[in-house]
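Right after this note come the structures.
Same chain, two partners: chain A is paired with chain B first, then with chain C.
This part shows the complex of A and B:
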C-alpha cells in the first residue's frame, strides 16, 4: 500500500537499468550531469515507473503499460533523416522555418540555422550545453512536481535536443517548426530549451515524425519566457504507434509575459502530455488548450499544473476530449494560488464527448487556493452527443455520419478557435476530420 | 455609545476561547484500561453484555486494524495518534438503565440543559403538539442514557434504540446489515471503529412505514481521553421513510480527542432516508490548541429501486474534520443527494466532500457544497463522481463553491469525475472567491455593520443548503454559522 515501499521490478524497469549500463558511456554531459542522471535512474530503480498508486498517474499507469523498454535509438545519418522529414505531412505548405532533431540529435544541416540567425534567433545543440560545469541548470525539474517519474526518465537518458534562443525585442516573422524525427526504431529521450528574450515573440510548432518501434518517446520542453515576451506553442501528438508518447512542458513566465499552448492528441496508443506553468512575474497571462481524440484502446492524458506564485496573473485552461471505441481520456488540471498571489484570475474548463459505450473519461479539475482576493472557477462535463442536435441536423437532410462529424468538429473547434493561431487553425481542423473519418 | 458596547459584548461572547459548550460535567465515570488490545475489546464487549458473535466480529476487526497503516492522503496535518494511550470504554457510573427522566442523574440533566437539549421540555411539549415531536436518543459519552418516545415509535413498528441494545434484541437485523455498507476493512478508521465501537443509534423502519417523527441523537463527548466511536445503522425497508437528525457538541479540552464514527444507511426499494447533521464540536482555542479530531465514515447504500438517500451537513466545529458522506446508487432510478456547509475558522482543518457511485441505470445525484474558510484555516472539498459501465443515463450535477475570508486561509477543491458510460451525463462547476467589495459596500451603505453585512452575505451564500435542513436545524445552523465566523473580519 505504501508508494515508497520497495517494489518488484517489472521487465521494463529491468530493461531500463540495463539500458543505462550499456549506454551511459555515450550519453553527453559533464560530471554534474552524470550525477543527475544517476540520481534520476535511482528514482526509477527505487520507486519504479509511475504507476496508479502515484496520485498524478492514477489514471495513466505507465508502469502497467510499458511491458518492456527498447534500447535507445542509435545515431542517424543525414540522408535517412532528410527522407523522413521530406515525406512528413505536418502542417502542409504553411510558410515556416524548420529545426530538426533526429533520434535525439540536433541536425544543423537540415535546419534553417542561418536564416534564423539573421532574424535574431540562435539555434544550437542541447547536448553541447551539457558539457559545461553548470549544466545542471539545463536539466530542470518542474517546481510543482520535482519528483515526476517521466521527467526523471528523461533526465537519466537524455541524448540531446535543441536550444532555440530568441533575442530581446525580436518578433520572429514565421512560425518555427521543431521536427523531431525517428529514423530507426528505439527509445528517445529529448530535451529542448526555448528561450525568449524581453519583448520577443514566437509561434513554435512541435511535431514528431517517424516510427520509434517499441521504444518510448520522452520529450521535455523547457520554455523561458522573459518579461513582455510572447510564446505560442502548438504541439502535435499524432500518428499511430504502440509505444508510449511522453511529453512534458516546464514553462517559466516573466512579468507581463504571454504564453499559450495547444496540445493536440490523435493517434498514439498511450499519450501523456503534462505541462507545468509557473508564473514568476506579475501581470502575465497563460492560456492552455487541449484537444484529445482517442479511439480503439488509446489513452490520451492531458495533465497540467498552473502555479500562480505571484499576484496579478490570469490563466485559462480549456480542454476538449472526444472518445471512441474502448479509449480512455484523462484530464487532470490544477490551479495553485500561493499565499499573497492576490488578484489571480483562474478559469478551467474540461469537456468530454463519449461516442461509444465502452469509452471512459476521468476528469480531475483541482483548485488549491491560499490567497483570498482571487477569482477561480472550474467546470467539467462529460456526456454523449446531444440527440436533439443530431435530430435537428438529420431533419434537414444531413446523413447521420456527417451530422455527427459536424457536431464533433464544432465541439473540438471551440478550443482550436479560441487558441486563435490562424496559421494552424485549418490544419488542425483537417486533422480532426481525418481522425473522425477513420473512426 | 450603547451600540458599540453591544458589539464588544457580542464579540466577547463568541470569542473562540469562550466556547459556549466548553464545560466539564463532574460525574464519576467508570473507565476501562487504557490501550488497544484483545483484552480491551473483550472487556468492552463483556461490559456491554454482547453475544459471542459480536465479540468475534470486533476481534476480527482489531486483527485487521493492526495490519493497516494510517492513511496520509488527506490535506490535514496533526500529531500522530497514540492508540494505546486512549480509553475505549467510559460510562457514567450512576446509570443502570433508567426507566424515566426522573431516574437520571440530575447533573447529567443539567448538562443537557446547558447544551440546549430540552429533554424534559420535550415530554411536556409532546402532549401539546404531537406532530412536531422529536425523539431523542441521547448519548452521553458511550452509553445511551435515555431514549424517549420509544414506545410510540414501537407502535408504528419503528425500532429506534442504541446499537448495543439492537445487538442484544435484534441480532438478525444487525447481523444482516452491520458492515454491509461500510465493510470492516473499508478504511483505517472504519476498521478501528468496528473493533471498538462504543455505542450509537440503530433505526429500522419496516416496510411501508413513514416514520411518524424526526429521529434525533445528540452526541456528547465528556470524559477526558476518551475516544468516542459511534456506530449508527439505519435501515429503511421497502417504501419506508425516515428523517434522522444528528447534532454534536463537546466540552473544551486541552488534549485532542479522537472521534471515529461509522454511519451506515440502507435504503431498500422505494425507501427514503434523510440524514442531517449539525456538527459543532470544540474546534480548538484561538492558538489552535486542543479540539476534536473527527474522522468519520458515512455511507448510504441505495440498494433498492427508486430509493433515495440525502445527506445534509453543517460542519462548523472540530479541529480536524475528515468525512465524506457517500451514496452507492445501486438500485435502478435511485437518487443520492449531498448538501454541505463547511465553515472553518481559527486553525481548523476540514477535508470533506462526498462520493456518488453510480452503479444502476437511471441513477441521479446532486452535490451542493459550500465551503467557507476564515482565519488560518484550511478547507478542502474532495469528491468523487463515478459512473460504472452499467450505469446508463446516470446524471450528476455538482456545484462546489468556496468563500475565502481573510488572507491566511486556504480553500481547495479536488473533484474526481470518472465516467465509464457514454450516456452518463456529468456536470461539475466550482468557484472560489472572496466576498466582493461591491456587496460589502452595498450593505454598509444601508447602515449595516461590517459583521452584519458578512453574516448576511454568507447566509445568502449557504441558502441552498440551509433550505434542505429540517426546520429544527435550520435556525440553529444559521446561528451557528454566524457565530463561527464572527471575529473573522475587521
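This part shows the complex of A and C:
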C-alpha cells in the first residue's frame, strides 16, 4: 500500500474533520496535548480511518463500516447519569466499588472516591492530568502499534476518563467497576489509566451502559502493572447497538507481575477489542482470554499483540468465538519474542463454533520468534456443533435447543473457567445463556 | 410395550440397506437378548429406536406403548421412557456430570408435566444410586465421561439409566470393554432395574453378559433380520457353535 496516495474522504472522515474544528476549543489539555491531537487527526486526514488494506484491519474494515461520524456527546448532568447507572444490570448484586465516567467525563459524586481512598486507591479525573507539563505521557500509543488508527482517533478527540492508582502493597478488597455511561447520543472518546504500585492487586470490571446513538465509542485503557503487582481486567462489550465499539488496552508489566484479562463481546454490531501487552520486566505472566458471541450481521474482533521484550515471561492466550446468522468473527493474535527474550513460554489458542452456514470466522494466530530457547505454540480451530454429542444429550431427554445451549455454554465456559475470577464466572455464564436464548 | 413390524432401514448418507424386515415384540417385564455377528444390524437397531438421524426407515413401523415411535424426536422418546445405553458413551468437555444429570432428569420430568426435583431430593437420589454402582463423587464432579475409563463410562451409563427410570432399556453391547469386576457391578445395576413394569433389550456378541443378566427370550440377528428366536439356552448354543449356521440360513 502506498500510504501517501491521496484518498477520497468518506462521509465519516469529513465528519471527523469538522467535528474536530467545532469541538477542539472545549477539549482539555495543554499546548503539548493539542499538538498530539492535531498530529493524530492529521493521520486520520492523510490515511483515512483504518481499512481492509491495513493489515491489522484486514478483516474489520472500520472505514467501510462507519457511514458517518456523529458529534461528540455533550456534557451530562448528575441526575441523568445517576438514572442510567442505577438502571444498569452489569454484574448484578456483586459486592464492588463503583467509578463512573459519563459521556467521557469522570463523575466523582457517583464514584466511591472516599472509600477507595481509605483502601489506598486514588481516583481522579483523567482530563485534569492533560494540563500538566508531562501530559503527553498520558496519551500513550502502543509500542507494538504506534500508528494504530483507533488509538489515533482516540487521541484526537479524547474528552477525559479516569485515573485509578493503587498504592504499593494494597490488595483492593473487592472489585472496582469502572462504568462508562452514555446519557445522550453522540460519540465518546475516553481514556482511563490504571496504575498498580509494587505488589498491589486489583480486579477491575469494565462496563458500558447507555446508548450512544450513531456515535462511536472509543475507549483506551492504559494499564501500568508494577513489579509483583497483579491486575485482572474483565471487560464487558455488550448491548445492542448499531454504532462502532472500539476498545484498546495498552498494558505494561513490570517484573514478577501478573496480568490477566477477559474480553466478553455479545451484542454490538461492530466491536473491536484490541490489546497490546508489553512485558517490561522478567518473570511475569499474562493470561489473555476472549469470549465472543455474534449473530445477525455482527462483527466481533479480538486482536492482540503480546510483546515478549524480556526473558523468562509466560503468556497464555485463549479465545472462544460463537457465531450465528451472517456474523463474522475475527481473531488476530501475535506473540513477539525479542532476540534476547530467552525462556519465553507462550501458548495461544483460538477456537470458533459456527452455528449457521453463513457465519464466517477469520482466525489468525501468529508467532514471531527471534530467540532460540523458547516454548511457543499456537492453534486454531473452527467447527460446528458435534452432532453425536447433540444426539447423546437428546437421547437423555434434553430438547434440541437446550442441548445446543448446554454444548455452546460448555464450549465458551472453558475460557471463562480458566480465567478463574469467581466473582464474575456465574454472571458471564448467565450472559451466554441470555444471548443464546435471544438467537 | 414395544412392537417392531417389518422394519427396513438404511444408512441415510449412502443408502446402504442394514435392516431387512425386523419383527419383534417385547412385553413389559421381559428381558430380550439380541445376539448376532458383526455387521448384522444390532447397533443400527438400537440407534433407530433412540432416533439417530443417520438412518432412514424405508418400511415398517415401531409402536412404543401404542404410540408411533418414529414420529417422535429423540428427546421425546427419552421422556416417553426409552433409554439407550450407548456402546461408546460420549465425552462432553465443559458439561459437569452432575449438571448433566440434573438437566436430563428435569427435562424429562418437564416433558411429562411433572415438577422439577428439588436440589436435596436430586442429590439424595444421585448419591444412593452412585454408591451402588461404585461411582465416586470425584467422577460426578468431572465433566461428563471425560477421562473416564471404559468401565467408568459404562457405570456412568447405568447410573443415568437408574436415575431416569425408563420403561424400556436398550443396552448396546454394554459388556464391551469391561473386566470381570466391572461386568458384575454393571450387571447388578441392570438387574436391580428389572421389574414387571419395565422391559429390556440387551444387545451383545457374547453369552458372558447373559450369565449375569439372564434373558427371557434370545433372538439371533443376521443380515438385518431375526433368523432365530428361542429361550436362554439359545445363547449357550451360539456360544458353543458360533453364528455360522444362522449366517448361512439367512443367506
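Here is the rule we use: the second predicted complex is superposed on the first by the 436 of 439 C-alpha atoms of A that agree within 3 Å, B and C clash if a C-alpha of one lies under 4 Å from a C-alpha of the other, contacts with A are read in each partner's own complex, and residues count from 1 in each chain.
Everything that follows uses one rule, which is that a residue touches a chain if its C-beta (ideal position, glycine included) is under 8 Å from a C-beta of that chain, and two chains touch if they have at least 3 such contacts.
Source: prediction; values computed, not measured.
In this superposed model built on chain A, chain B and chain C occupy separate space and fit side by side. Of the two partner chains placed around the shared chain by superposition, chain B is the only one that A:55 touches, whereas chain C remains out of contact. Of the two partner chains placed around the shared chain by superposition, chain C is the only one that A:388 touches, whereas chain B remains out of contact.
Judged by the touch definition given at the top, the superposed model places A:396 against chain C, while chain B stays out of reach. Contacts of A:411 after superposition: chain C is touched, whereas chain B is not reached.
For chain A, the partner with contacts to more residues, out of chain B and chain C, is B. Once the two complexes are overlaid on the shared chain, A:356 sits against chain B while remaining clear of chain C. Of the two partner chains placed by superposition, only chain B is touched by A:366; chain C is not. Superposition on the common chain A brings chain B within a closest Cα-Cα distance of 13 Å of chain C. Interface of chain B with chain A (complex): residues 69, 73, 389, 402, 404-434. Interface residues of chain A, counted against chain C in their complex, comprise 388-389, 391-400, 402-403, 406-407, 409-411, 413-414, 417.
Chain C contributes residues 50-53, 73-75, 77-79, 84, 86, 89-90, 92-95, 100, 103-105, 107-108, 111, 143, 160, 164 to its touches with chain A in the complex. Remark: chain A residues 1-2, 55, 339-340, 342, 352, 354-384 touch chain B in the complex.
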